[in-house]
Every structure is written in C-alpha cells, then in structure tokens.
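Read from first to last, the chains carry the letters A, B, C, D, E and F; within each, the first residue is number 1.
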Amino acid sequence: MTRGFFIGRFQPFHLGHLKALEWILGKVNEVIIGIGSAQYSHSLQNPFTAGERVEMIWRVLRTRGLLSRCIITLVPDTNGRHSIWVAMVEHYSPRFDIVFSNDPLTQRLFKEAGYRVEGIPFFKRDLYNATRIRKLMLRGDEWKEYVPKEVAEYIEEIDGVNRLREIYLRLQQ
Amino acid sequence: MTRGFFIGRFQPFHLGHLKALEWILGKVNEVIIGIGSAQYSHSLQNPFTAGERVEMIWRVLRTRGLLSRCIITLVPDTNGRHSIWVAMVEHYSPRFDIVFSNDPLTQRLFKEAGYRVEGIPFFKRDLYNATRIRKLMLRGDEWKEYVPKEVAEYIEEIDGVNRLREIYLRLQQ
Amino acid sequence: MTRGFFIGRFQPFHLGHLKALEWILGKVNEVIIGIGSAQYSHSLQNPFTAGERVEMIWRVLRTRGLLSRCIITLVPDTNGRHSIWVAMVEHYSPRFDIVFSNDPLTQRLFKEAGYRVEGIPFFKRDLYNATRIRKLMLRGDEWKEYVPKEVAEYIEEIDGVNRLREIYLRLQQ
Amino acid sequence: MTRGFFIGRFQPFHLGHLKALEWILGKVNEVIIGIGSAQYSHSLQNPFTAGERVEMIWRVLRTRGLLSRCIITLVPDTNGRHSIWVAMVEHYSPRFDIVFSNDPLTQRLFKEAGYRVEGIPFFKRDLYNATRIRKLMLRGDEWKEYVPKEVAEYIEEIDGVNRLREIYLRLQQ
Amino acid sequence: MTRGFFIGRFQPFHLGHLKALEWILGKVNEVIIGIGSAQYSHSLQNPFTAGERVEMIWRVLRTRGLLSRCIITLVPDTNGRHSIWVAMVEHYSPRFDIVFSNDPLTQRLFKEAGYRVEGIPFFKRDLYNATRIRKLMLRGDEWKEYVPKEVAEYIEEIDGVNRLREIYLRLQQ
Amino acid sequence: MTRGFFIGRFQPFHLGHLKALEWILGKVNEVIIGIGSAQYSHSLQNPFTAGERVEMIWRVLRTRGLLSRCIITLVPDTNGRHSIWVAMVEHYSPRFDIVFSNDPLTQRLFKEAGYRVEGIPFFKRDLYNATRIRKLMLRGDEWKEYVPKEVAEYIEEIDGVNRLREIYLRLQQ
C-alpha cells in the first residue's frame, strides 16, 4: 500500500489540480491532499479560507467517489522559516511514502529529509493555473470552465468572486 | 440540509466520540469534525499529532461508510486568546448550522456569535473518556476496548503507547 | 446611545482623520477610535509606535473637549489572517454598533459578521492622506498644515521626521 | 510635567486600583494606565477582554473627571520572554518618567532599563484584590462593594459573572 | 570527524554539565552545545537570558581551551509543538552525527528522525542539578561549589542571585 | 575591557565582513557577532540556516585564532516590530559597550537606547557585498574569491549554490 502526498494552496482547486490528482491516483493507492498556507484568506493570492478549500475539494472527491482513497489535511505556512516546513507537513499530515511536486524547493527539502519525490506532468498549464483563474474572476471573464463544476457552484454559493473584487478594490484605494 | 459542528481534541478518538458522532448524524445531514489543539503533540495531554488524529478518524469513517456525510478539519488552539476562537473555527471549518458541545465556554462563545448550540448525551463517560484511556495506556492496562478497532490498530502501528510512556518518563526525571 | 467604530493606522493622525471623526460624531453619541497595525513602527509605512499614535490622538481629543465621547484602543494586524480580524477588533475594542469605513474589505468583513457599516465622506483626499504626508516629510516639504497642530507639535517633540528619514536611508543602502 | 506609568491586568479594575491611581495622581501630572496581558480573556485569571477593560476604566475616569490626566493603553503579555517586556511597554505606551509598581520583577526590569521606579501604598489589600473579587463572583457572594460603581454596572451589562461561572464549570468537567 | 550534539537549558551551566561535556569530548571530535528554551528568561525555571547563558559557557570553554572543539548555539522552545522540535534544532545548529541526551522524549524524537542517540553517565545528579542549584541560591545557601568558577564569577557580575530572588518574591505576592 | 557588537545577516559571511571584524577588533577587546534574521533560510535573501551561518563564522574564527576574542550569537528578526529589536538583541547577546553598524535605523535605535554607536569603514563595497555574491552564485559566475576560503569550502560541502538555484527556479515558475 503506497501513499502519495500532494500539496497546493488550491486557491481555488482547478481542473489542473484534478488531473494531477487523478494521475497520482494511478500511481499510488491513497493520496494525502495537503492544503498549504492554511492560515491565510481574503487576499489576492489567497482569497479562500482553509475551510472553504476543504469543502471545495471534499465536494469534488465525493462526487467522483474518491473519498475512500484521499485524505484532506491542512498545513500552515511557516513565514519564511522554510527549514521547518517538512516537519510541519509531517505533523499535520498522515504518513505518506512519495511526495508529488514540481516545485524545486519542495523537491529539495523533501529529498534532504529522505523522501522519494516525483514530478507531475503539467496539464495545459497556461490555461489551468490558479493565478490566471483569479485574474479571470477579477476581470469578469469566464472562469468556470477551468474548475470542476462542484468548485464553480461552491464559489457561487459563497459569493467568492465578489469577495475577490473587494480585496482588489482595497488595493486600488 | 443541516450541518453540525463537532469539536474535540480526540487524543485519541474513542467510542464515546463515535457514539456522539452517530447521535449527531441522527440529527443533521452532515457533520464537520473539528480536531482542536491541532498544533500540539508528544505531550501527556496531546500525545498524537494532527495528522495521526486525522488518520484515526478517517479510518473509522471509511470503515463505517460515513465519509460522504462527515468532513474532517483541523483547528489550532489560540493560547488563551479565547475571544478569537470562534473566528478561528470559522476560518478552518466549512460552514455549519448547529454546534454540538457540552463544554459551557464553547457553548457561550458560539451562542454569543449567534450560533444554535446543542448538548450531546454522554455515553458512559466514566468509561469512555480520553484522559482515562491515556492513563490505562500508561499503566499497561487494557485500553483497546474503549476505542474503535480501527483506532486501536492504528495506535499499534505507530507505536503510540510507547510514545506516551516516554513522554511520561521525561516528566518523572 | 449609538456607538461608532473608526479604524485607521493613523501614521500620522491628520486633518482628514479629524474631519472624518467630527462627521462620525455628528451621527453617533460615542466613537471608538481603533489604532490598527498596532505592533508595527519604525518603517516607511508605519513610522510611529502604538504609544505615539495613542498620544497624538489623545492630545487632539483633549484640546477639543472630545475625550468624554471618544475611546482610543489598539488593534494588532493579523499578518494576512484576515478572517480572524473582526474577532480581533471585538476583543480589543469596547462594544460598538456601526462601523465607519471606506475600505471595501473592511466593509465586507464587518457586514458578514452582522454589523451595520457606513462609508465616510472623503475630505480633500488628494491633500489629506497619510502616504502623501509621509512623503512630504521625507522630501523636506511643508507637511504641518495637513495635521492638527497638536500632532505637528508632538511629531516635533519626538523628532519624528528624522526617524522617517533614517528609515528611508536604510532602504537606499 | 511628570508622567507616571501604572500597569495592571485590571481583571477587574477595583477600588484598590482606583485608590492607587488617585495616589499616583497626587504625585505626577499625568498617568498612563497600561492594561497588561491584553491578548487574553475568557479564563479564570483573565475573564474580561481588552476592550471590556478599556471600557471599565474609561467609564470610571469619565465620571470622575480624570480623562484629561489619564491615558489608557494596552500591553500584550510576552509569554515568558520577560527580557523584552520593557521594550513592549515602551512601544505600546506614550512616554512616561516614573513607573509605579509593587511587583519586584517589574521594579527590577524597569530599573535596569534606567527608569525611576516607586512603590504604591497598598489599600486594604486583603479586601481589594482581583483574585478575591473573582472568587466572590464565582461563589455568588457580594462583590460589588469592592469595585467602582461604574465597573459593577458594566460587568452586569456584559453578564460578566455568568461568563466567569461558565469558565469555571468547564474546568470542573 | 564525528560531531556530537549536547542540548540543555543551562540555567545555569553547572559542574554536571561540564563533566558531561568532557565525557562527550572523549567520544567525538567536536560538540555542538545547544542552549534550549532560548527565548525565555527572568522566571524561576529560566532566570538567565540567552546571551548570559552563551557567555557563561563561552567563558568556561575559553579558560579550558575548548573553544576550538565546541560550537555554542541557541534553540528556541516550540511551546508544545514537539513534532517540529528536531527540525528547529537542525535549523539552529551546525550539522552533527550523534545526539547525547538522557531525556526519553528527546531520544525518541531524534531516533525517529534517523539520528544515532546515546545516553550520558550522570555525575552525582543529586548534587549537580540546576533545579537544586537555583533553590540553594534562593535560600541563601552555598551554591558556588556546584558550578565552574567562571560561571560563579559571571553570576556575581550580573547580580544573578538577586534577580532570582525578585522573581521568587513576585510569585509570593 | 571594551566589547563591540557587530550585527549582520551574513548570507554568506564574506571578506567585507571579515575586514570589518578585523577593524573592530583593532578598536575593542572582544566582539559579539550577532547573526540576524536567524529564523529564516532557504529564500533568495536568506539562503543559509542559522546553524550554517554559525558554522561558517566559527570556522573562519578558528582558523584565524579569533575564537577567544569573538562570541557568536543569534538574533531573530522581529517581523516589523522594530521597537522591540534592541531588547531582542540584549536578550540574545552577551553584554557589550559599543555598537558597530552603518545602518541608519540600527544606529538610531541603539542611540535612543543609550548605546555608543560607531560606523565601520566600507571595504570595496561594490565587490564585497552579500547580494552581489548571491547573484554571482545564481549566474554561475566566480564567487569564491569574495568570501574567506573556509566559507567557500563550507558552502561547497553543503551544496549551497544548488540550493540557491532551486530557490530561484521556484520563483520563476
């Protein structure tokens, strides 16, 4: 029984994340989904709360019958104290065997800690990336096609796009 | 669709917790299980990490087919800054309607914040309580009958009883 | 008896703030003046300490006979954990009924928490704004006409303009 | 113009505090009232929030015409990092000349930092002390005669005694 | 070239610590001396600042010609977040091969992280232990014979015994 | 016996730092070397851990016979709470008489706290500065001639240049 660890901020959880998750599920039996920078919200980079991100992902997993193979957890950001970050992950996450990440520093930190680390094939990264999706939301452009439909519905329910715009307006003042 | 919030430290998750959860599931459609004091571990009061507690509960939910009605999340302790605790819960948890708790301060704090709060019938609290179960572990007495069998197996896997004893020995030195 | 809440960093407290305060005092019986980002000082954005800002405002209120209708308090910045900020305000401030603010995010956060929120008419914002006043100080231009005379005197007493210049020099090195 | 600094947790502000304040006002022109351990509330030692303590004291000062000679401020606890506490006070407080305190460690820390420090005559300390007053509240005994009447009224308004009892009940569970 | 890690709070550094250090130096080429709970001072358990503890140990090492084989460093306490403590040590300390400690939890945490851990023979622990030495200081009993003479001189220089007594008096009030 | 205090982030410790240290040692008997922003690492500005910086400097001092005149210590960054920084230095450092620094804000903060402060002659600052050296490392240019040879060797040992590049790659993604 092998377990993978998949970390992201998931602001929001989009179709690129879902493709990556499905790819990882093809390689390992179970996946821990670690929601990073968990303490932040209501900023341009991190509009959604930890709880909102938990719910987005949980709904996606439930609809697709993945709840029995995926465990969602939360990992706080260490505010620049990067050398303790792997230990933070180990505290906040169930045990895992392989780290799936394309971030060079994440790769290095986990390798130094003795973990097996693997990259993830990007899925149309120019379209499916969270920074771009937040920009589409701000501009009033179409963004829903880039996220799972459960996420689109959920962001509607919590009036997420208006929140993002109010955060943006603040920075313009 | 009503949702309950059920908070605990779950050190460990025992049969009293499970009975409470089942009772709450009889009242509401979905339950958020909030694991409190999430940042602590390796102490007599809080031997298990956040990730270990997530895994314990996830295994119990999976075996019993409850994953599609329960969402697990983590809530840090506020170190005596109790007046921000409800806001912390609101950040770290998906939205909920009713708080289920027997703790008078939790009840007061959530009521003041406008939540509906309900007590939970205790299930043989003299037997099923986490402080007692940790003492049984320390003394080498039988403790497994007081926790779900998934939890007992998991604590064995991670050598949890020996961890607790080493923590205790430290305090004796 | 209605009470307003008026939040700002007050770096420094200027005539625009004073006009806003007077306008709010025309609407409510008492005003809580919340000094935000209270833990910071000695930076370009936040040159003055919490205590210095308390004193500036207290002197202005005393001269103008407003001490019996205004309560000064301090609110720390939450370092990007915006979702707990309203709870922080509630902890650090006496109770209030209406929030007066033009910041879209502040408005949203307080509205979501159930508060009545009102905007404040800007008073010659191109002249009376703290960023501009700090720039005038740095350049050696005339700045005193934009702040209440008690504030100008106080900044002189504590040698505030030289502090700001030394902070600026550091960033140039 | 001499200024005194008077620090306390003021849980609650009682007649012993008021007598001390009046005595200090006989010695100096102005007094900074520093509310310590500002971040805590809802515990047996610290039942009241920072804002509630600000309001208690402000009401007492207003009734007695002392607002123009007293400045209220807030000072957080340093969690055992005592050597930075004087610097914290200096950040959160307007400037002062003399520290009034009977606490040996406060006296030492401020003396080492170069401040003049003076003791305060105790006023019937066996009756007028905050620990005793909180115990009277818990037991349902008469406590109002030991605090200024503005404080008694305010604690009634916020239902403070019941809050204290619920905190106590929690610890009994 | 083997390196040991020797952790302690060193409140104060006494002859038991020195014997332990000498014993470790008989086993490895170089020793990292980690001063733990570095952020605390001015309490009964932790009377001395981090800098004072650095100086005590540095003077002992200098007199005895050990500076070229020992490196002093500081490690903060993690406030109950024990699972990140090994990572904190790794951040604040130069690399080392063997951990020397008699504390069961320290032993477990470092073993789990893959380190070789060894115990240290106690040297008359009933006489040479820091809690006892602090009690002797408080009572006015003879304590200097239990610490290296450099430490005794240094504690005199900084008036350390009176500091400890003032801390104690505070707790008696 | 006079003692100097010499603060820096030492990312890495270079020949400009060494020249400055030698110049200070010509003025005072002993020097405290304070490693600032101690909690950070693995970023472009702060690639090396606290322990790595301790080791770099210790090796340089050992080779050059300076260990008996220099004490290395660590000082955390205060995250914008600049007014407590001098108190942090006083906590983490052995006592000193003169502060050696060219930073205008450091000079002001220490002067206000009553310290004697002196500037340090710059030694070919266009060549010997840490930002430039980190850029040379990133570009694959020659950097070793700008640091003491012990530092160059140490950075090789810990594979420091590759770490820096991986941090840089992350920011490019």
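Convention: a contact is a pair of C-beta atoms (placed from the backbone, for glycine too) under 8 Å apart; a residue touches a chain by one contact, two chains touch by 3 or more.
Model, not experiment: these values are computed from the prediction.
Asks: Just going by residue numbers, which of D-E, B-D or C-D has an interface where over half the contact pairs are the same as at A-B?
Replies: Interface equivalent to A-B, from the options D-E, B-D or C-D: C-D.
Asks: Shared numbers divided by all numbers used: is that above or below half for chain C and chain D, i.e. same or different?
Replies: Same; most numbers are used by both chain C and chain D.
Asks: Return the chain whose centre of C-alpha atoms lies at maximal distance from the corresponding centre of chain A.
Replies: Using the mean of the C-alpha atoms as each chain's centre, the farthest one from chain A is D.
Asks: Taking the mean of the CA coordinates per chain, how far is chain D from chain F in Å?
Replies: Measuring from centre to centre gives 42 Å for this pair.
Asks: Roughly how far is chain E from chain F, centre to centre by C-alpha average, rounded to an integer in Å?
Replies: The computed centroid separation for chain E versus chain F comes out at 25 Å.
Asks: Find the geometric centre of each of chain A and chain C from their Cα atoms only, then give the gap between the two centres in Å, rounded to an integer.
Replies: 37
Asks: Spell out, as numbers or ranges, the residues of chain D touching 2 or more other chains.
Replies: If we look for residues of chain D contacting two or more partner chains, we find 39, 41, 49, 79, 81, 83, 90-91.
Asks: What chain-chain pairs meet the touch criterion?
Replies: Result of the pairwise touch check is A-B, A-C, A-E, A-F, B-C, B-D, B-E, C-D, C-F, D-E, D-F, E-F.
Asks: In the complex of these two chains, what residues of chain A are touching chain E?
Replies: Going through chain A, the ones touching chain E are 81, 83-84, 86-88, 90-91, 114.
Asks: Would you tell me which residues of chain D are touching chain B in their complex?
Replies: 39-43, 46, 49, 79, 163, 166-167, 169-170, 173
Asks: Going by the contact rule set out above, which residues of chain C touch chain D in the complex?
Replies: Of all residues in chain C, those touching chain D are 38-39, 41, 49-52, 54-55, 58, 62, 67-68, 71-74, 76, 90-95.
Asks: Under the touch definition given earlier, write down the residues of chain B that touch chain D in their complex.
Replies: 79-83, 102-109
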